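So that we are looking at the same thing, I have put the structure below in structure tokens.
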Amino acid sequence: MTTWATNAWYVAGWDAEIDSAPMARTICGVPMMFYRRLDRSVVAMRDACPHRLLPLSMGLREGDSIRCRYHGLKLGPEGTVEEMPLKNDAPNGRICVETYAVEERHRFVWVWVGDRDKADVALIPDLWPCSADGWTFDGGYYHIAADYRLAIDNLMDLTHETYVHAGSIGQAELMEADIACEVDGERVQLSRWMPGIDAPPFWRGALKKPGPVDRWQICQFLMPSIVMIDVGVAPQGAGASLERHDQGVRGMVIDAMTPESETSHHYYWGMARDFDIDDAGFTARFKAQQGGVFLQDKEVLEAQQSAILANPDLKLAAYRIDEGGVRARQIIARRIRQAEEAAQ
Amino acid sequence: MTTWATNAWYVAGWDAEIDSAPMARTICGVPMMFYRRLDRSVVAMRDACPHRLLPLSMGLREGDSIRCRYHGLKLGPEGTVEEMPLKNDAPNGRICVETYAVEERHRFVWVWVGDRDKADVALIPDLWPCSADGWTFDGGYYHIAADYRLAIDNLMDLTHETYVHAGSIGQAELMEADIACEVDGERVQLSRWMPGIDAPPFWRGALKKPGPVDRWQICQFLMPSIVMIDVGVAPQGAGASLERHDQGVRGMVIDAMTPESETSHHYYWGMARDFDIDDAGFTARFKAQQGGVFLQDKEVLEAQQSAILANPDLKLAAYRIDEGGVRARQIIARRIRQAEEAAQ
Amino acid sequence: MTTWATNAWYVAGWDAEIDSAPMARTICGVPMMFYRRLDRSVVAMRDACPHRLLPLSMGLREGDSIRCRYHGLKLGPEGTVEEMPLKNDAPNGRICVETYAVEERHRFVWVWVGDRDKADVALIPDLWPCSADGWTFDGGYYHIAADYRLAIDNLMDLTHETYVHAGSIGQAELMEADIACEVDGERVQLSRWMPGIDAPPFWRGALKKPGPVDRWQICQFLMPSIVMIDVGVAPQGAGASLERHDQGVRGMVIDAMTPESETSHHYYWGMARDFDIDDAGFTARFKAQQGGVFLQDKEVLEAQQSAILANPDLKLAAYRIDEGGVRARQIIARRIRQAEEAAQ
């Protein structure tokens, strides 16, 4: 029994992380490697030569193919053999390396984990703000030595900002607004609506207008392990609501957590926004600041994981604030259970 | 089956190690944390927030309480909840963190491992020289990657000084005096009496008198894992004996070994003495020297532990010189066996 | 079930590695230590004092004996007790440390792993070029974190040179000559004969003659884990053949892989040669170059071992070029199976 859902798309890397030289990354326990063909499309392969298992990420690119750096077995981007170690030997059609369905979308490269014939790009989580007109998006990557579900718990709850991010984004007023949790199929939404308040400096600067604002924070969990947080302000009276709020300035915090092992994951983070989108200086400053905030989460998540392992007699508890994470975990667990039942 | 006795007091730290900021230390396999209340009394708690298990030692002190740095759950020194993550939520009386009986005595903070209702401060090992009038006491701490019982073996035998501490405290004459081992309940005593000898330089300087001396070395094992070594000299003819020897100068080497895991322990070491007790320079020089000697033991004990793990087909042997350690281990094993029988 | 044959001689070290001070090395899972007697003969002992298991390699040499640095137990080179920790105690004849049959030959110290009464020096692999008149031999040592059989596979196949050693010894022409594999008892031979070719620069310089040459490469596997590679050139028409080829210049690449654990081994490498044998500068330059080449193998073998552990669902495949390694592994496996059947 794994801790992650299969038959799902996971982020394998930022678009800019993957280029013609192979990049190794273990996804859901499987060592994979990724590179781009000459036409820039992405190849995803098991990171082990079918001959002697040397990581193919150590190999040599030749056109769209990869040649193992041990004995020179040459494999095409579809995983089939193009040349044997002795060039005079005819390629053996039964030799192949596993490849994975892969798709580039919303500035990320996604890989399908599960039965390849079920890979449907329509199932890629809709991170529309990362690629929509009128929006800009940037962010970074951290390796986190903690179960990816601890990161989902973290992001689906907003109270931790006060303590983990004291001095940066934590604010007492965030603790006072009430929260609402809704589940819609495999989507969980945790929302907070703060009407008619004084905008904090960051949003005041973005809005570039005086006067009271309506402010929102809407955390959305999307299968298999995405959290998008819709944040922003609009002038009071402009008609913004939890459902529609394009009347002011808006950001979408993007968090994609891809399991590496039961106790570690890849964390892709960033923010898309619909204001000052051509201001590269703003983008760079904000990315640096956000990277600092998420480093605080990394510290906490890794300490939490260590404590879970060191206290095997204790269990995680769930309070009212944890409802978002609890619901997200229920959806993940249901998918895992269904996959196991289907496998029997 | 553990390798240590429960229902016993173990040293958790030097008095000066524990202050208002929490200190984390794993005792007998349990992650604990320690801090002082405003009145300087000591609190001992499981080092895991009952909410999401983040180490409470990462938390924030507020008065006598500790607030978890993740979601802000506030716990009082008795382990009960004082504030929920959302302050408007009423504290849930069923939420609590485990606390441990703790007592400060003889310059150490002691923690009770076992059934809390059996914690009786009268059972704290009587390290009287550490706190008696007319005596002074100082020492240090080492983490040792070895089963604590290997350290007891080490200290309950005096022949190792010749080889492990050659060049410092080892002396051939120590090998010549005969030794006697006595068991009295849960106390083991290994003694050596050297009457009418020439005092070695260290003791000659301490005694500040010429002439032959009677010299003694008396190792005492006290449950659950203390070794006190009574050492000193008195002028010959002054009436000193193994039983009573206050006629000269006397030191008590103090060794408290607290299990951390099956293969590591916390080592608190020092020397109490009844001479030159106001000479802070002597105290500092002696502590530095003793620290160097015990580093040699740390090196040997860790190499021994590694060799035990690397040679699983071999067993520790016990010769005549090992009687003190053998008796101490028998007492520990009897206690462990009794606890297991009581648990069935 | 181990991955190595027992009742066999393994290289424990270079002759120059072992001297009067003990050297620790784990051979086939057993911690051993080695030192020379005053007459320079070698002692091999379990690296654990029979008293408290402290590594004897930490001990003190006294004459031909070793004294444990913990309690001073003194053991003779035959493993028997010469002095107890208390010198007045009579040596206990039942106390002993395991010693191992050891033999110095061909510039290496060999140790017998298995039933000591079967140790027969006639079974030492015949690395004659390392000690024959008219030859010189030098080389080095690497620790490799990989199953020793991966190194045998590597050395019994010549195609890897093109990719692993591109830029140094790899040459496309090596890939064109056909190879022949023969098994003779427990010996495997993989040979390649290249008649009437232009000598590469290295061999041209060694031969010191113009004109076409016959060139050979003959890899020999010898139980339990030796690979010797006979390489060289002779003037065409001088009568050289695969069977006899002393008409030109000749080198023997020597590779001894001694298992340490299931996933690591000791690698002793070098080259013996029958030309320019008094040219110490050549010897030193060649050793440095060869050391660089074998570091490339170390990198590949360790990456391969990691990939084997990270991809437990995948198996090593064997192609035509792997025949040498496959045959060698079959011989090893047969010996292991026979030893297990004999043990039942």
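We call the chains A, B and C, going by the order they appear; numbering starts again at 1 in every chain.
In the analysis below, a contact is a pair of C-beta atoms (placed from the backbone, for glycine too) under 8 Å apart; a residue touches a chain by one contact, two chains touch by 3 or more.
Everything quoted here is computed from the prediction, not taken from an experiment.
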{"item": "Type of subunit A:subunit C copy interface by residue overlap (half), same or different", "value": "different"}
{"item": "Angle of rotation relating subunit A to subunit B [CA atoms, steps of 5 degrees]", "value": "120"}
{"item": "Between subunit A and subunit C, centroid-to-centroid distance (C-alpha), Å", "value": "49"}
{"item": "In subunit C, residues with contacts to at least two other chains", "value": "none"}
{"item": "Interface residues, subunit A side, partner subunit C - complex", "value": "26, 31, 46-48, 50-55, 58, 60, 67-72, 84-87, 89, 92, 95"}
{"item": "Subunit B partner contacts - residues on subunit A that touch it in the complex", "value": "153, 157, 159-160, 162-164, 175, 300, 303-304, 306-308, 310-311, 314, 316-317, 319-321"}
